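Below you will find the structure I want to go over with you.
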Amino acid sequence: MSKVERKYVVPGDFIAEGDFVPVSNAYSIGNKVYAMRVGLCELEGNKVKVIPLSGPYVPKPDDVVVGVVTDVSAFAWTVDINSFFPAFLPASGVYGRRFTPEKDDLRSKFDVGDTIIALVAAFDRSKDPMLSVSGPRLGLAPRGDVVKIEPVKVPRLIGRRGSMSKMIEEASGCKIIIGQNGYIIVSGPPEGAALAAEAIHMVEDLAHTSGLTERIEKFLAERLGLTEAAPAAEREPVAASPPADTSSEPSADAPNEEDSTEEN
Amino acid sequence: MNLIDENGLRIDGRKLDELRPVKIEVGVLKNADGSAYIEWGKNKIFAAVHGPKECHPKHIAMADRAVLKCRYHMAPFSVPDRKAPAPSRREIELSKVIREALTPALILEEYPRTAIEIYVEILTSDGGSRAASITAAAAALADAGITMRDMVVSVAAGKAQDKLILDLCDEEDKEGQVDLPVAYMPNMDQVTLLQMDGHLTREEFETAFNMAKEACKKVYQIQREAVISRYFGGSTPKSKEA
Amino acid sequence: MSTSYRKALFVDNLRREQMLEEYSRGRRADGRGLSEYRELKIQPGTMIKANGSATVDLGFTRVVAGVKVSVGTPFPDTPDEGIIMVGAEVLPIASAYAEPGPPDEDSIELARVVDRGVRESHMIDLSQMVIEAGKKVYSIFVDVAIVNVDGNLLDATSYAVVAALVNTKFKKMTLKEDQVVELEELSPLPIQAIPVSITTSKVGDFLLSDATTEEEAIQEARLTFAISDGKACAAQKGGQGSFSPEQVLKVLDLAMMKSPEIEAKIREAVGFAKEGSSP
């Protein structure tokens, strides 16, 4: 196992010279590798990665995203997915090929202002991202708060095999649905939701530090300690509070189970 | 006005090749995707980046890269005689040269069909505002997470009373003989902005140009630290007398 | 707001490769060497309604400069100096890409860079352009109409402005018993220097002088120096690319090397010989 080094870099910083391959957010001129963004530089063997600390959400096919419907036309919904283009959810994807605007009123399905959980079906920089809600746990989002964080921090929030988000879920008694685009749905009792939101923002602020898991653990434990007097029911896991109106059953899940240091 | 006294000191007490104090804070504007605030001598300047975002109007979007938009604007109270808010010819030219100073550093091909907007607001102007603007704008672009091949830094050199000087303040800019702003990518060793007015022999030009370039490397250290320290315990301003 | 979007000539990749191939052999599409200027024709006095004028053809680039001298009030910080202002406009007739309307950022940059070359060289002794100190001075307006674009507007405009100023004749004013009176005879402007603008374009590893529209379409950046009396008096880098520090000095050397030949052409065209040389 080669040693993984971490170092803070800004664009243009020289990282390594020799037989190195820039894998993400780095580039090479000749045999010299330079950083392309502000972030943490990781050298694993001869692979050079820069984990960015800020930046826009760039949609990738198969990403699960949380979006807000901002417009409805006769043929599609326009969805804000926190990227530099609005995304589209075609009506035919929901109603099927037989869909006709006269018969099928899109607004009865998803209306402006609704939050949905969708999959990025296609995106290739020459067209706007296309979404799909065909699949388990996709569709209208459960009632809850939408917490927004920087997309580059999402892997940290998910944690190793989903451990970080599970920890926050258990402590807050809320269900947490994480979109790769940095939009997160927290649904559950208000106090739990507030605690979860605080913990989520704390992960966001300290994403680049080490020992984060322990700090969050400590923070949650302290907070729960303070609310010893609260009724036991409020601290039970979420199975007790199903969403009021969903056509499908979304659930908290990390779309990927990778290491917490996976970059965008 | 005597710009350089008998001891070789300038009106603000600096030596001929001394920079003014530079202070940069990154990530200061919550509503911007990237931002920086710079105090350079008496200059006070904000730089903000919005984007990448949808390009409007759509017909100017480019299929293979982002469109860069840049605006240099002075607040009416930034100079002794109130400056009218409407863009002056000087501001229009500066918006262009600043955009062209930053473009070589940006990898715009990463964001086709989008626009990246850079806004520079001069709240107080005291000579060298374009150099400070470029330095702050590059920090804001990095803060926004935009892919860049290098940072960009800028410093102006000049001449007063027949002596070559570095980093002109307002009086030196107005009463001096030469103003030579230079913008530079420190790792790529490339000049992205060069302007000059005044009188310089070939040798003087080379000396002044090198003086500005070396000063860019010094300011780069301040800029780099400001960008990194944004993630180390909050956005505390890093102050350094260069 | 300055925008990088630019409506301009589009050069396809094959053509670009072909052009670069030629440069490596020291030749350009029109047969010139890399640092060779196109044919420069300067005709002074073409616009009879102006106090001074000149039409310049640099290859197919054609610009017309006209000078109007009038009376104005001095700027508050220079009460004992006349005023000179340079304006420029790329007319819609000049190019398929030029649109009618107020001057765009390119025209403004063009005017300001040419203005700086004239001003910083002290071409006109503005201290002699005063009627009544602090109250009345001469305002010299130089406006340039760009009539056909084929590259290197910066140099062509500068040559036209310089030639038009040398060509200028105006009726001086004097104070006679507190009244401003116009004299009958025509006087020239007090000319002290002839600044020469030299623009160099960077295309790949090559430095080209006096680029055409097609060459500008593939250039990464350009660097203009105004040279007067062996000194650099103005400089402006433009374009979305960059120069290495060594290239900057190379471009300056090239400008200093080329300026005497262009200066001689301008002097000859306007009949303004150098002091100490035969006309």
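We call the chains A, B and C, going by the order they appear; numbering starts again at 1 in every chain.
Going forward, a residue touches a chain if its C-beta (ideal position, glycine included) is under 8 Å from a C-beta of that chain, and two chains touch if they have at least 3 such contacts.
Owing to the predicted nature of the structure, the values given are computational and were not obtained by experimental measurement.
The pair of chains sharing the greatest count of C-beta contacts is B-C. For chain B, the chain whose average C-alpha position is most distant is A.
For the pair chain A and chain C, the distance between mean C-alpha positions equals 56 Å. If you average the CA atoms of chain B and of chain C, the two centres end up 27 Å from each other.
Centroids of chain A and chain B (each the mean of its C-alpha atoms) stand 36 Å apart.
Counting partner chains per residue, chain B shows two or more touched chains at residues 185, 188.
Contacts with at least two other chains are made by no residue of chain A. In chain C, no residue touches two or more other chains.
Listing the residues of chain C that touch chain B in their complex gives 1-5, 77, 105-106, 108-109, 111-112, 116, 119-120, 221, 223, 228, 230-245, 247-249, 252-253, 256.
Those residues of chain A lying in contact with chain B across their complex are 8, 10-14, 25, 27, 34, 36-38, 52-56, 84-86, 125-126, 152, 208.
Remark: chain B residues 60-62, 67-71, 89-90, 92-93, 95-100, 103-104, 117, 174, 180, 185, 188-202, 205-206, 209-210, 213 touch chain C in the complex. Of all residues in chain B, those touching chain A in their complex are 33-34, 51-54, 63, 105, 107, 111-114, 142-151, 185-188, 224, 227-228, 231-232.
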